[in-house]
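Next, two complexes with subunit A in common: one pairs it with subunit B, the other with subunit C.
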Partner chain A sequence: MDVKTQSYVTEAKKEMASPASRTFLDFFLPVLSAVREIGMTSFPDPAAAVERARAIRRSSVDRLGELLETFERNAVKAGARVFWAENAHEANIYIRDLVNRHRIPYVTKGKSMITEELGLNEVLKKNQTPVYETDLGEFIIQLLEKPPFHIIGPAINIPTDEISRVFMEKAGMDSASTDPVVLGQAARNFLRDKFRHMRLGITGVNMAVAETGSILNVENEGNIRFNKSAPGIQVSVMSLEKIVPNLDDALHMTRMLCRNGTGQKLTSYVTLDTGPRKQGEKDGPEELHIIILDNGRSRIYDDIKTREVLQCIRCGACINVCPVFRQIGGYPYGWAYTGPIGKLLNPLLLGLDRTRDLYGACTLCKACKTVCPAGIDHPSMILYLRNKNLAADPVLQGEGSTFAERLMSKTAAFAATRPRTWNTAARLGSFLASKLGPCHPLVSAWTLKRTFPSLPPKTYRDLRKHP
Partner chain B sequence: MTVHHHDHVEKAMSDSRQTILGRLKTAERILHPDYPAMPPSPFLSMNHKDMVEILVRNLTEQGAEVHRAEGHENLRQTIDRVIADQGFSRIMVSEDPFMENLKLESHAENHCAEFIKPSDLEGNEQYKGTVFSVDAGLTTVDAAVAESGTLVIAHNKTQSRLISLAPLVHLAVVRTGTVVPVYEKALDLVIPNGGLPSQLTFITGPSMTADIMATPFRGMHGPRRLVVFLVDT
Partner chain C sequence: MMNKTALFIPCSVNLLLPWIGEAVDRVLKRLDVVSVYPDRQTCCGQMVYNKGFFNEARSFATHFLDVFESFDAVVCPSGSCTAMVKHRYPSLFDDDPKMKQRALDMAGRVFEFSQYLVDVLGVTDTGASFSGKVAYHDSCHLSRDLGVSLQPRTLIRAAQGTELVVLNNGDQCCGFGGEFSVSYPDISTAMVSAKAQSYLDSGADLLVVGEPGCLLNIGTYLEKNHPGKQVLHIAEFLDCQGGENGR
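The block that comes next holds the complex of A and B.
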């Protein structure tokens, strides 16, 4: 998908003024957060469960290399084909060649943010292979040609009349309706035929179990089950951090993922696949291809600070509580991942230079860190990214500081080490601040968005000297 | 499409594999402490009767309909009644030992429903055509988990995947003897020697979505209705 992270500010302004987005953001996000909180209380001991989950994710990331090797060995033993892709291009070409080799007329997809990251739809489109998104939300945004708004509900903000229009135009719906149930029905009818005749289905992976070589998917609609049951070929793409050591850990993380994502104890369907269909079975894929995607993650892994982001399980809990997301929604993030996790993943995978506003626009309120079941300290990593950007970090493609920033810190350092200069500057500063106000072009970039306190005419030092 | 091209892909992949694993394995290693202890789940110390009650409560809350039956004869009657009430005429059934033993087709005196087994159908096309068009799918489940009201099916040649997915109604037979407190116990029951089936499915309520304006509704792609027959055997 196109990277639009550089239009963050314009997109954010647009969204803040959009009535449709406002309804969703102001009303549904607090509800989603509350639903999550209620869901968590169904754990016998929620705090202990969260601590366990965080430990599982930490340990999985610690042992990432060896766990991936174990996973590969066991998946291959079970009959799956494992392909390692260092970047999006390798993964896309692998899938495209598979499609061409088997003369696949069209492919269907379960919801997966990873294929958004790959930009797979564009590659297949260029190959003239139609792609049908089968998750209702993804199906809607595919028809509307919009990016995902939220990783759990990609189209959750789209007004029903807009959906109705596009369904009539492109999905064979007969008469207009603003009833979500009628719209869902129309999508069901349209996609059912695709499921019936599909030959190649593509899914993401929520968890990969090293001990057994199995992959696990979590969903409510049943579209992923179709993609894993109906076609002859199944391709499941996993980013390499999806690994957990064993089945017990996978079950605990699944409990955690469902409660944090939608507040459910378990989503309607959870499927665990170990190899392709066995001899004599009526359905399931004859070929199961598992693509392990790096796409910059092993580089993120190299730095023990940024490595922590690989603990993420994509539950979306951080997104719903984020005060910035609650104002601007998902579009401004400009790529596959939104909300606090998008502020970390997008810059780390795309480079700091073109994602500056993502890690810039954060209040460091720590709401994300507090709810995160995977143990990620988002605010601390955001500060780290800001720092790396100023330091022009070559690995993360930091921009370095601007001339104004350098001048300001040099001046501050000069003054702070010379008491007389400091005192004079403090008096001058106080005088200027009262005369110029926060809107003066000289300082407005820094002061306009902040509540600037009015400065007293005398400094603390003056008061001590002449009380 | 040439062999040459295929070789190229293979080569690229082994390079990528080595590059990726090389980076991961040479990176600085942090070792975190062992997992913190978790208090044992209260479900584990529950007696069987309470466990079944919780299962039923969870199933009902998630929108499943639960019918209780005692013994084979009563189960057949209960299934027949539901089928007759709903006017289902074609039903696809799983072929696991319990379902085979139930011999529904030979006892269906009071209605004219047709029970179709996947093995009756020749080839993939006929199987798919049928499973996508029947009124309901009837399966045994291998375990039922009280903690979330979840039905577990281990798919194999007697338990085809699409029967519980493609029809608009899923009729599921749960034997009280297979009710377990937590998922871990379900695995112990379903795969006692650890050999996993090609697919293990956990079903919790009917298919649903809330993707349009967060309005929940049932039967998105899978069954709109989940009807559970809970039988004491």
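The block that comes next holds the complex of A and C.
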């Protein structure tokens, strides 16, 4: 998919002015956060459950290499074909060639952020292979040609009349309706036909279990189950951090993922499958291809400070509580991942130089860190990215600092250890700031909807010394 | 009572909101706490640290430790400055065990104002009185970084004539975020307007906060858009005796 991370500020303004987005953001996100909180109370000991989940994710990532090799061994033993893709290109070519080799007329897909990251749909489109998204939300945004708004609710912000219009135009719906049941039925009618003749289905992976070589998916629509059981060929694409050591851990993380994502104890469908169809089995694919995608993650892993981001299970809890996301929604993040996790993953995968506003536009409020069931400290990593950007880090493609930024920070650090200089400079600085005209960008930014604070005649320090 | 209590006054209070510092002085005096204002103090360095200048932030940390480490307790009327000292300073010295130890020793002795009153002094009733409904905004660094959210509420509830009311989304960020407020003014003001709306909806006569940054942000927003709606720092609130604040 296109990278639009550099239009963050303009996209944000647009979204804040959009009444449809506002309705969703103001109402639905707090609800999602609330159902998550209610969901979490269904654990006998919620705090212990979170602690355990964080420990599982930490150790899974620490043992990443070893667990992935075990996973591969067991998956292959069960009959799966495992392909290690170093980058998006390799993964896309593998899938494209598979489609061509088997003369597949069209492919169906379950919702997966990883294929958004790959830009797989564009590649298949160029190959003249029609792609049908089968998750209702993904189906809607595919027809509308819009990017996902939220990692677990890609079309959650689209009003029903807009869905009705595009369904009539592109999905064979006869008459306009804003009734969700009618709209759901229309999508169902359209997609049933694709399911009936499907030959190759592509899905993501929520968890890859090393001990058994199994893959696990959670969903509420049954379309992933279709994609994993009905076609002759199943392709499951996973980013390499989706690994967990064993089934016990996978089930705990599943409980955690569902509660944090939608507040459910368990989603309507959970599929856990090991290898392709075996002799005597009624369903399941004849071929199972598992693609393990790196796409820059080894580099993320190598840096002990950024490694933590690989603990993410994509539940979306951080997104729903983020006060910035609650104002601007998902589009400004400009790529596959949105909200606080997008502020980390997009810069780490795309480079710091073209994602500056993502790790810049954060108040470090720690709402994300507080809810994260995977133990990610988003604010600390955001600060780390800011630091690496100023330092022009070559690995993360930092931009470096401007002369003015260096001058300010060096001068401040110099004065910080010299109280006299500090006080004079601070007094002078605030005096000058108070004299800046309303046209100065800093002043106009502050006074957009606020008054400019007036400078008191005496500092606290002066008052204390000469009361 | 502790032996030596030092006041650490944030830059924003020193330069823009000195009456908050004076309110801190008066409340402590009323509680018979002798506090010292170390003259050599400068700044916690949060501004440069949050920008990503970690090396420069080390100068601030070193100076802070030099000035304050001889005290038994350091009290600061800001959650974010307190959190900077308590949580960020130790992480700045991962490569320097000696400095890290100094930072860790300090971390246990630095307190946000309301935290100091309740947890260290064991005070709940400061003798404040304010007749009316009060809502409390949980500043991010106070509530999530320091875990301080009950202490200010305890102090507010104890004030004579005061009814503490619920603020919806009370722990959601007000949109200040230091430089964020001027780098992303549209997002920042959208956030503060949501906060102001919660305040209006709460039916409170007064909003109390523990963070000077939030106070500046919410205060100047209210002044422009809802004149007459008041917001006070917790120290100013506790300084109230008879309804009128102690400015």
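Following the convention adopted for this analysis, the second predicted complex is superposed on the first by the 418 of 467 C-alpha atoms of A that agree within 3 Å, B and C clash if a C-alpha of one lies under 4 Å from a C-alpha of the other, contacts with A are read in each partner's own complex, and residues count from 1 in each chain.
One rule holds in what follows: contacts are C-beta pairs under 8 Å (C-beta built on N, C-alpha and C of every residue); 3 or more make two chains touch, one makes a residue touch a chain.
Note that the structure is predicted; figures quoted are calculated from it, not measured.
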**OP:** Going by the touch definition up top, name the partner, subunit B or subunit C, that contacts more of subunit A.
**Re:** B
Original post:
After superposition on the shared chain, which partner residues are touched by A:L266: those of subunit B (first), subunit C (second), both, or neither?
Top reply: first
Original post:
Counting only touches as set out at the top, which of subunit B and subunit C does A:T134 meet: first, second, both, neither?
Top reply: first
Subject >> Partner chain in contact with A:L432 - subunit B first, subunit C second, else both or neither >> reply: neither
**OP:** Determine, under the contact definition given at the top, whether A:L68 touches first (subunit B), second (subunit C), both, or neither.
**Re:** first
Subject >> Footprint of subunit A on subunit B - complex, ascending >> reply: 1, 5, 9, 12-13, 15-17, 19-21, 23-25, 27-39, 41-43, 58, 118-119, 127-129, 132, 147-150, 155-157, 160-162, 165-166, 183-184, 187, 196-215, 217, 219-223
Subject >> Residue numbers on subunit C that touch subunit A, as the complex places them >> reply: 9, 11, 13-22, 25, 37, 39-43, 45, 47-57, 59-60, 62-63, 91, 140-141, 144-145, 169, 171-173, 175-178, 180-187, 189-194, 216-217, 220-221, 223-225
Subject >> subunit A residues within the subunit C interface of the complex >> reply: 9, 12-13, 16, 30, 323-324, 326-328, 357, 360-367, 369-370, 380, 383, 385-390, 405, 409-410, 412-419, 422-423, 426-427, 430, 442, 445-453, 455-456, 458-461, 463-465
Subject >> Contact footprint of subunit B on subunit A as seen in their complex >> reply: 24, 28, 31-32, 44-45, 48-49, 51-52, 55-56, 58-59, 62, 64-66, 68-69, 78, 83-86, 90, 93-94, 97, 100-101, 134-137, 140, 153-156, 158-160, 163, 180-181, 183-184, 187-188, 191-192, 195-196, 212, 214, 220-223, 225-226, 228-230, 240, 247-248, 251, 254-255, 262, 264-284, 292, 294, 298-299, 301-302, 304, 307
